[in-house]
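Remarks on the structure that follows.
By letter and in written order, the chains are A, B, C and D; residue numbering begins at 1 in each of them.
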Amino acid sequence: QDTIRVGITQNNVGVDSYQTTYEQAFIEAAEADPAVEAVVLDAGGDVARQIGQMRDLIQQDVDVIVIWPTNGQAVVPVVRQAHQAGIPVVVTNSQIAEAGFDFIASFSGPNNITQGQYSAQMMCEALNGEGQIVQISGQPGYTTAIERQKGFEDELAASCPGVEILETQPGDWNREKSQRVMENFLTKYDDIDGVYSGDDNMGVGALNAAKAAGRDGIAFIGATNFAVGYEAMGRGEYWGSVYQSPVEDAKNALATAKAVAQGEDVPFLNYFDTPKITQSNMDEFSKPVF
Amino acid sequence: MTKLDIQSGQAAPRLGVPDRDALRETLQKQGILIAFALFLVGFSLMSDRFASWDNVSTVFRQVSIIGTMALGVTVVVITGNLDLSVGSLLSFATVLVVDLHDQIGPAPAILVMFAATLLIGCVNGLLVGYGRLNSLIVTLGMLSAIQGLTLIYSGGQNVDIADQEGTWFAVFGRGFLLGLAVPTLIFLGLAVAFHVMLTRTSFGRRVFAVGGNPTASAFSGVRRARVVFSAYVLSAFTTACAAVILGSRVMGSQNNVGQGYELLVLSGVILGGASLLGGSGSIPKTVIGVLILGFIQNGLLLMGYPYYAQWLVTWVVIILAVWLDVASKRGAFFTRTS
Amino acid sequence: MSRVAHHTAEELADLKHRAPLLRLDGVTKTFPGVKALDDVSFDVRHGEVHALLGENGAGKSTLMKVLAGVHRANSGTIHLNGEPVEVNSPLEAKARGIVLVHQELSLAPELSVAENIFLGSLPTKRFGLVSWKRLNAAATHILDRLGVKFESYDRVGDLSIANQQMVEIARALVFTPKVVVFDEPTASLTDAEKVVLFDVIAGLKKEGTGIVYISHRMDEIFTLSDRITVLRDGQTRGTLNTRDTDEDGVTRLMIGRSLDKSARKAAPEPGPVALEVKGLSCGDLFRDISFSLRRGEVVGMYGLVGAGRTEIAETIFGLRAKDGGEIRIDGAPVDISGPPDAIRHGVALAPESRKEQGLVLGMNCRDNMSLSQLDAVSRGGWLDRGAEQAIYDEYAGRLSLKAPSWRTPVRNLSGGNQQKVVLGKWLGVKPRVLIVDEPTRGIDVGSKSEIHALIRRLAAEGIAVLVISSEMPEVLAVSDRILALYHGRLAREFAAADVTEDALVQAISGL
Amino acid sequence: MADTLASLRRYMVIPPIWLFLLACVAFFSVLTDDFLAPGNFTNILIQTSTIGIIALGMTVVMINGNIDLSVGAVVALAASLSVGLQDQLGTLPAVVVGLGSGVALGLLNGMIVWKTGVDAFIVTLGAMIGVRGLVFIYTGEQSFFAMDFAYSDFGMSTIAGLPTLAAIFLVFAAIMHWVMTATVHGRNAYAVGGNREAAEHAGVRVGRHMVINFMLVGFCAALAGVTLSTQMGASTPNLGRDYELWTITAVVLGGTKLAGGAGSILGTLGGVLTIGVLRNGMNLMQVPAFYVLVVMGVILIAVLFIDARVNRRGAGELRL
């Protein structure tokens, strides 16, 4: 047996650029590696479909399965099934529930909690430890949204008590929705010093609203630096974000999977680096492609 | 001839006080307006920001996208059909216009987008109008197909307008005219146009006739297929207009920006009293329906409830609003059905 | 269920002097803008057929709906067997033995005949299972009594209107009712079915059931009824013993004057041929039909239900594809593709089924009337409301339409007035060729003669008119010539001058 | 007896959608190798069972002239309760509570539709939003995970070679078919949907009848939520989004009229399986994700189109 068959079931390709770019990068990396053959599936955001795809991959007896969980809890039983069938599972991008840790070989991806913490630290810095902010979170019920919010809130409370979160509302990863939410915040609060949003897409929506209302002096902090966020940062309108490369994410996942399949020892939590990006250090990063 | 018990005297004149009746009739039909007013008062009492000019104009601006789409959908619903494809059509149109903006310039981008969107409207119209296919499934199929087309077109990537400050395209979503936001003006302007079309033109009359009784309209010489076809083209048209507002407002687009809008738009239309069975509906009430949706969201946000509590309140408010409407028409709060 | 004891003839005679079976007192009912019933009192005795008469919109159906619990009266009382009763729902009415055979069909199309007959009280086995055996046996029993040609398990949606009406009537016979109300039961029945219905009524009468019978057909009223109550404008104008009165007396009470039976003027010299049909055929619906209509002429088309008259009209109007033959208008052969095309060629068709084909029920009276001529009442797509109003005013007047206002949705009009809106809609078109299919179904005697006069007047204005009717008096009253159809073929053509009733009956029966 | 047979025969008519189902099966069997594998069929059955179970209840509600848009949210609520309460109550009681929540919400929807006379579309649209709110309040945005692996093992178990979930679906379909064709309640559904006034005048307790149907569809949605959560051994608050649209699509494909009065469980079964086969077949043919959406849409419309051609009435039909 010379080639390694890697099966991947992704969350929801096409719903945002990050996932799309991730998929392309994963396929490219797999094609570039003669030792790897990839079966690429997409769950379309539907847990039930993802479970079906996991079963299909188990049926096909691939050498290793990479899963980008549509939901961290719901996939645990099927991951356990794979484990029982002797197929190692690598979780990518967002973590599964703790109950499933026994059944996975490794996690490869960003640490969303840390990302939330980074954002909190940047917010603290931007406001000099003093001020009132609002938070626009991702789609309710999704792991990434929950983890980033948790990391942000906990860190802020712990290390920056002078900054108060006035209110949190979901922006559903949608720029227009977030723009609407921000417009309402602006009506409601005369004094907003900073905005934390679960990703830059929503952050730019919030920025749009603030610019339209002529409200200056608000520090915008996001996560998952998008091209629009990067550009706004270049214009000095956006304070900072967390740099997370889908290409890195994909490569990391594939490398972990390959290593697992070859029986190498890999760290259980194989985080890849997602550094802070701000107006002052943005030159060190290339503009995101999405 | 034996008369058993003929009543004596002339028949009393019939009770007919047309003016008062007409007034009562008009008032009775405005249950939804009353409901709307009640909510506005309620929200104003609970949040001092609510009744400000700033806030009201913000809400108008916010509902203008859904509202504009609802105008076309109202026409479709009056013909007795559904259009569930508008949500993904909005995504398609917005992605297209934003993406083309940087490639061929704003004016050509708008033109091409309108052409493509209207073309899809024509497909809907051909299938439901001339093909007489079930509109629910046709437009749901189209919802899926258009979503796929959008993703294929964009390759799944977000699209953005690079130069956001320098383009006149910004005026549609961000501009102001005479102190009013351009999106609001587009929405209300189109609403007036659609209202006039539905009430003052023979086309409008045909729309109501086809929805009210397709067979009888056909017997009367109304071309059902043509009317339904036109309704879908109009729906695509308003969606294209909404896409211009959306694209310009956000200066970018995700592939799924319109996801779920179909039901939101439809709720606005139905809140306004249009019947899914066709034959009834009105533009002013659709506008009110959409405004109710917009003000609920805005009002609840201003009051700062967590989002799921907002959903619960929305549940209650939607049903209460329509209940008030049907109860006022019926003249009783509860039905007599056993 | 206890059966009502049979009465001997003497007992029956005696009953008339007893307390009434059913008494309605001071019933008032208003709808928005209309006082449909104004202090109406009315009673029915055991074993009596009590006819209810009145113009369209007089309030007959409304009164019966109050009785059957469909409408709730503003005031008034109901006594059954001398006891005051409340009837707040159809269910309660049914429980008290009051059955209403509706003027408008009220059947569930997907269900079988048997299921429709026993709707609301399907016989069951254990676990709420339908007992098909008992259901079909019981239904067949009733259907046998009615002598119908369909089976208990046929789908109601597949039946003709007449047969659906028979199902509706069958419903009244399920239980031994105390009071049965028939609201224009014969409007869409053929003579054969009418005979059956009258037998049924006679049977009910013998059992002591009280019967209310509503109809606009005087001959039926005088054949069946014992007493007649006349309603006018929602008020009782009087109750008469049938044998003490005659048509003229009742009519005068009803419309305030005698009918002018000599409405028929001498036919003016007919003009050139407006419509010519040669060898027209369509599947097995009709074959080889040839006739012509001249301007200024009224031609009647007479035949039994199912003879294919409606289909011929629909084919001329472009609603069906012909598979043979030719249609000429003003001498030029035409190929009419559909109603818009027909209207363009000056052909108008007032269809037979007002609810399905004639009206948009939720739309107001005026808009319904102008729907057939939207192009004529609009300029460049803009509606001219003045022109619409003018049409409405003219034909509401000419047809003495009784509607609260032009804004009233036609749904809220009485059956006969709905029919008038259908007619107005097509008369207003001022066509070259006017086809009216069963124009006076459900229309009161007064308006009927007005409509006949109107048809004559339109002809005199130069229109060629084809009147399709199942009522011989109507055909005889309006036509210059009569076409008799039998089984999709033209059996004979008569000139009005030399037609006899017998010859006509023979012709349509294929003799 | 002959009468009974004759009257039953017309309820056993094979709805046209089955022909397309056969055509689809033939198509995919020819074009892919794996389609005909027995494991694949059970896969399709499991995958369609969720939408399928909801569709059974939806068929009844739609035949009687209403609609229920809240089923997707009820799926999430029932799944969350039956997984989330397992720790406190134990598995079986938790499932009972989950199913009960669906019935209770059905009761609520039904009572509102009955008493207020507000259109079912609006009532259940409100519920679709509001019930999702209940789910989020109860779960606090969290997904739940069944510690008891027996729960998810149940979802993967088989009875006599047939997956348990598929068996539940098929048995339930048989029961519902019987309810709709042989019981008074089922027959009344056609009467209420076909001519509500007539049914009311004939003494059918229309309001109560509708409430029962809403409770039924609520139960179906809850049952689907439970079976879905046994498949995952977990629940998520976003479970069941969009399910209402796909359920209604399957039901309408199966020949049930949106306006009520006509339809059948057999047809719905065909509609559900058709959608399932299409999805599965496209997966096997490895149609790229974006194209699946397009193909799915086009096929839905094509099915209707062919159906309209096949069922076109003869010369008796008017050219309207």
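The rule we apply is simple: a contact is a pair of C-beta atoms (placed from the backbone, for glycine too) under 8 Å apart; a residue touches a chain by one contact, two chains touch by 3 or more.
In this text the structure is predicted, and so the values were computed from the model without any measurement.
Colleague: Would you say A-B or C-D is joined by more C-beta pairs in contact?
Modeller: Per the contact counts, C-D leads.
Colleague: So what's the Cα centroid distance for chain C and chain D, whole Å?
Modeller: Centres of chain C and chain D (C-alpha means) sit 43 Å apart.
Colleague: From the mean C-alpha coordinate of chain A to that of chain B, what's the distance rounded to whole Å?
Modeller: Once rounded, the distance between the two centres reads 36 Å.
Colleague: Taking each chain's centre as the mean position of its Cα atoms, how many Å separate chain B from chain C?
Modeller: Roughly 41 Å separates the two chain centres.
Colleague: Return the distance between the CA-based centres of chain A and chain C, expressed in whole Å.
Modeller: It comes to 72 Å between the two C-alpha centres.
Colleague: Which chain D residues sit where two or more other chains touch them?
Modeller: Residues 136, 200, 205, 289-290, 318, 320 of chain D touch two or more partner chains.
Colleague: Pull out every residue in chain A that's touching 2 or more other chains.
Modeller: Counting only residues that touch two or more other chains, chain A contributes 13-14, 140.
Colleague: Counting only residues that touch at least two other chains, what does the list for chain B look like?
Modeller: 151, 156, 215, 218, 307-308, 338
Colleague: Chain pairs in touch?
Modeller: Contact pairs between chains: A-B, A-D, B-C, B-D, C-D.
Colleague: What residues on chain A touch chain D, complex-wise?
Modeller: On the chain A side, the touching residues are 13-14, 42, 44, 47-48, 51-52, 55-56, 59, 71-78, 80-81, 97, 99, 139-142, 146.
Colleague: Using the touch rule from the top, collect the residues of chain C that touch chain B in their complex.
Modeller: 30, 32-35, 38, 72, 88-89, 91, 227, 232-241, 244-245, 249, 253, 319, 338-340, 342-343, 349, 351, 356-363, 367, 370-372, 374-375, 377-378, 381-383, 404-405, 407, 425
Colleague: Mind pulling up the chain D residues that touch chain B in the complex?
Modeller: Answer in residue numbers: 69, 112, 114-119, 121-123, 125-127, 129-134, 136-137, 200, 205-208, 245, 248-249, 252-253, 258-259, 289-301, 304-305, 308, 318, 320.
Colleague: For a test of understanding, state which residues of chain A touch chain B in their complex under the given definition.
Modeller: Those in contact with chain B are residues 13-17, 19-21, 23, 140, 167, 169-170, 173-176, 179-181, 183-185, 187-188, 201, 204-205, 208, 212, 226-228, 231, 290.
Colleague: For the complex, which residues does chain C have touching chain D?
Modeller: Answer in residue numbers: 68, 70, 90-91, 94-95, 100, 102, 106-112, 114-116, 119-122, 124, 127-130, 132-133, 135-137, 140, 151-153, 155, 171, 282-283, 285, 314, 318-321, 323, 338.
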